[in-house]
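Common to both upcoming complexes is chain A, partnered first by chain B, then by chain C.
Coming up: the complex of A and B.
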């Protein structure tokens, strides 16, 4: 039950949504965008947030489109986890995003929850952020002064904080089309199936014809309040033979980088740090098997 | 603040005025007397409030009634309507009874709706797929083993 009264808005275009947000901001009234609502509604039921206005993006036309645009995939922010998991285009050109979407929550949550909603909410244990960071995704954002594009490394600012302004709407997420020989994997450590990630690791590995590493990218959630990318070692590992030593080097780098994990009920900080090592090892190993 | 919504509930047109903060589950239970949809946790965890919204299962405690205007909602009452009219149980209900797939029954309406969605998409699910398909529905009585058995029998029967 939601205790605080609210005004409900149902815009059919992004422009209309932005106008409503601006109006609320001008009036000094708290407004929240509803994009699936799988985190927002529980938070409202618990009384953790009590916005005066709810602006539902669930009926904005075209916000759930997925299309290939040259060497990028353009994914509408209103795309549900289910659609991402089942999309043949995404499975073919950016399989790690499908794999990630398929392990979020449960069937009902995936049927309703959206990519844009998850990003806007930015729970530090959410699965998309580390994957979008490793993919160098770009985020199209519309506000009262027009449109801007933000890089993944700049959108996740701090614990449950993004660089989206109160009067802006995230409309599209752009990820690169991966070459077919790229091996990818997203693995997560949860207490029960469908739980939030205690640790989640995404890996993307390209191999040269001689089996050496052409490129490796790793993104991790649970290692810090924002997703961590292993940028330093990603460069030094290029050209190296992908074997157990290689995988161990990535896992060690992940452990070193994860120096500040946030302790939680089911996992102390040092335990999470150790799990970062374990799950990085699994992610890179799986990615290498899929690349072969 | 109130709003008037038009939607389809259990295949029948429905128009109602709702408080804008009303959850879909409360709307179904309190305004339409469809109390087969249960409210458990109100945080999207337990799945007792599972209903079918435009063909897909959702947890009705995470949906605002005002947000489903124009949609089609099917609750456990609507979904078992045909069987009840002929005085029978639906095959899924039958299998649940036979395998003791319920004890207190609180999770059952949501569980049955999740099972029907699973079987619609995967008529012959493996045990892992069954467990994956009902992961959004918590049962504190059965330990799930009997539910899995019930689903396996339905799949077996329908493939014969």
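Coming up: the complex of A and C.
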């Protein structure tokens, strides 16, 4: 049950949404953007948040567009998980994002929940952030002073905190077009199908013609309060033969990085850290199989 | 026998699946208000003061009530089962807490307002001042002399102590080849029906009558209890049960919120609606299962169990009026289950702690007994190095020894346990599994097969309570030949109305489509005890059969007169009454019905009592409430059972257990409708699996519930639950007219022992031994790590 009265706004443009946000900020009233509502509504139902204003982005046109822009994919922040999972363009040029979207929640959640909504909410167990971090995604943000672009490494600041300010709207996420021979995988550890990730690991692996590593990128959620990218191994493993030793080296690096995971009721820190190792191993192995 | 035994689709299915059912929350009345309940945030505290001033002033608020008001306006709620009747302690439970709270979620105040929203807002404005009291959340700690006391006047936290004993246990132990000890822990979890609890109370102050629409399993006992609590005449109360979206036991008793909504309707003169929130359900809707099961078993080298000592400590949370503590009693009553172990003793302590009160949950303690006995048999098998199934076969009560009286007085009615187990082993490929297991092990996979057996006593009947072994039903035929069956049993969505309609349609020889079953209205239905303990079809169905037979007898008398023959020469099928062997001599059932109603003074019906209606009661013939020479009574009339085999895969890197197959041979006597039985069994296994691996009500040391939403209280999804392979073994009950036994609850118990056995089997290379539940991935992973480090005794998680 939504426990507090609120005003519901339905802007038709980003500018109008930004104006409403600014107005609420000026009036000192708490406002929340509605972009799918799959986390916001449960939080309101539980009384964890009680915004005085809800500003729905459902009627902003063009916010769910997916287009190729040179060597980038430009994805509207209002794109649903389902659209991302089923988009041929995304499946072709950035398959890891489709794979990630397809394992979020259940069909009902994927039909409603959006990429931008998930990023804005930034649950530490969310699946997109580790993948966007490893992809070096760029985030287009509109505020009262115009537009700015933020890099993935700068947007996810701390536990449930992004660098978006209260009067800004995330409009677009740009990810690189991956070369067709890149092997990618996103694997997650959950208690039940569609559950929140205890650990989620994305891996992107490019191979040279001789089978050695051209590039490797790994992003992890569950290892720390914010997504972790294994930058340390990106250079050191370049040119190395991709075999079990290689995979184990990535898994060990992940384990070392995950020294302070957020403990959960059924996943203590030491167990979670070990699962980071296991799922990193699985992600890299799958990516290497797909890279052939 | 056109319908009995056939897989008829549920007569309400299409309606319910299309969303056309009407549940309590769907019922609305003009002018109704909404109730919100203020609950204690502390596990143990004294209430110093309650300031309701701001709430009273809040817009839309109609009434605010505290424990002090409730004590003036009503009496304590009668216990569904009073522990004092079993030699235990007791306490008065009012609709709201009086002076003291014993668990997080204890109702302490209530508000009714014009809207649900206003009620919730006002509830937040009520200021309760508490003085903390020391908390005890562990039952063994609660038994220590210096433990904090929940009810200081008891001078102990032991609600009840029970002892069952038979044979010469000490001698059996002295003569044994092996003696093994072990301690098991079952964890706390509960039923989570899709539809939470809900009530709509309407006190009509002109008629001075109360009507309560409520999501309940037992409308008539609820009415009796309400009359007592509210100090009203039973005649002035009508309880109506709309459709129920799942119950699983938690909706059997009278909750505090039921009379509370009624009282507040009476005080305000307007209807009051209350719909429980999921968080309220998880903290205060009633818990189950949490028990420590210690055993010491004596056996011979050939696997024969000669003696068994069991100690059960039931952690039943705080005491409520809802009788959940009875589950621990039943756990001890069922030991040693399907096994012939004459030298046996069970010692039970039922202990209160500062956690949510227990409430009935499918299994009702039988799952604890089943888990215990499966573990006993597995340990014996491993010790004497015999096959785990072979040890069970060696110790079963033989099929020619029924009725068999266990040490508690439990009188097992009928069955062929050995055949059920042998059959399920055949169906599951038990003998050839080891080959497959080794083949997959060579690929690095850990597959295991486990065997288990659940005995599920049904139709519980406790002296001096509304937990009784009888049922009533009315069968009424209208002038147009339409059949109405009014039953005292109800359906929580399990489909017994279809089974009852099948029985009545067959008894009358009419099409199923002409039979309508009416349940859950105290104004319409004969007094009955409702739906629980799998009793609806085998007791309610038997009463319906008796009533239908009586009506049928009258129909045949009239038809025989019309057709100038004797009643015994007639056949009645699909509404046509024919002279046997003479297709052209027939009369329609409908025409006979019309004749009886319109021409009672004409010659075919002249010498007969008018009307085509009968109300009959059925009672089980094998309940014994007069103690035998050993002081035993039998409180269950029906003992269905299931032999099960599970196949699991364990991911040894993560500890994740995946149930690949679950195969059962299940005996619930005569099967009225295999679809109903299989649907119930499938759901029961899902709940058993959920309980074993996923679901947990977890408390911190201060008694705060850590799993108050479905974010934290994990339920399995359809992906985690395999399709159960169900086979029927029909050994008819000698004590019911159709040979039916209880069906519905079975399947929830066996997953504990069967899957645990399968996981141990999968992890044989590590020698892991399992003692504790739930089998979360973390716990299994830790056990594997511990075993790798040379400790296979199981690890705490």
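The rule we apply is simple: the second predicted complex is superposed on the first by the 292 of 292 C-alpha atoms of A that agree within 3 Å, B and C clash if a C-alpha of one lies under 4 Å from a C-alpha of the other, contacts with A are read in each partner's own complex, and residues count from 1 in each chain.
The rule we apply is simple: a contact is a pair of C-beta atoms (placed from the backbone, for glycine too) under 8 Å apart; a residue touches a chain by one contact, two chains touch by 3 or more.
Note that the coordinates shown come from a computational prediction; the quantities given were computed from them, not determined experimentally.
S.K.: Could you tell me if A:37 is touching chain B, chain C, both of them or neither one (first, second, both, neither)?
M.R.: In the superposed model, A:37 contacts chain B only, not chain C.
S.K.: Could you tell me if A:56 is touching chain B, chain C, both of them or neither one (first, second, both, neither)?
M.R.: Only chain B is touched by A:56; chain C is not.
S.K.: Is it chain B or chain C that touches the larger share of residues in chain A?
M.R.: Here the partner covering more residues of chain A is B.
S.K.: On the A-aligned overlay, A:46 touches which partner chain: chain B = first, chain C = second, or both, or neither?
M.R.: In the superposed model, A:46 contacts both chain B and chain C.
S.K.: Of the two partner chains, chain B (first) and chain C (second), which one does A:105 touch, if any: first, second, both, or neither?
M.R.: first
S.K.: Please indicate which partner A:82 is in contact with in the superposed arrangement: first for chain B, second for chain C, both, or neither.
M.R.: Touch partner of A:82: chain B, not chain C.
S.K.: Which partner does A:266 contact after superposing on A: first (chain B), second (chain C), both, neither?
M.R.: Once the two structures are laid over each other on A, A:266 reaches chain C alone.
S.K.: When the two structures are overlaid on chain A, which partner does A:278 contact: first (chain B), second (chain C), both, or neither?
M.R.: Second partner only, chain C.
S.K.: Per the contact definition in the header, classify A:189: touching chain B only (first), chain C only (second), both, or neither.
M.R.: second
S.K.: Using the superposition on A, tell me which residues of chain A are in contact with chain B and, in the other complex, with chain C.
M.R.: Touching chain B and chain C on chain A: residues 1-5, 42, 46, 106, 193-194.
S.K.: Which residues, counting only chain C, touch chain A once they are in their complex?
M.R.: Touching chain A: residues 116-117, 120-121, 277, 279, 653-654, 694, 696, 698, 706-707, 709, 711-712, 714-717, 719-720, 776-778, 781-782, 797 of chain C.
S.K.: Under the definition above, what is the set of chain A residues touching chain C in their complex?
M.R.: For chain A paired with chain C, touching residues are 1-5, 42, 46, 106, 189, 191-196, 265-268, 271, 274-275, 278.
S.K.: Flag every residue of chain A that touches chain B in the complex, lowest number first.
M.R.: Where chain A meets chain B, its residues are 1-8, 10, 34, 37-38, 41-42, 45-46, 54, 56, 58, 82, 105-109, 111-112, 193-194.
S.K.: Would you pull the chain B residues touching chain A in the complex into a rising list?
M.R.: Listed in rising order, the residues are 1, 3, 19-23, 26, 42-44, 47, 50, 53, 56-59, 61-64, 66-67, 69, 114, 117-118, 131-133, 135-137.
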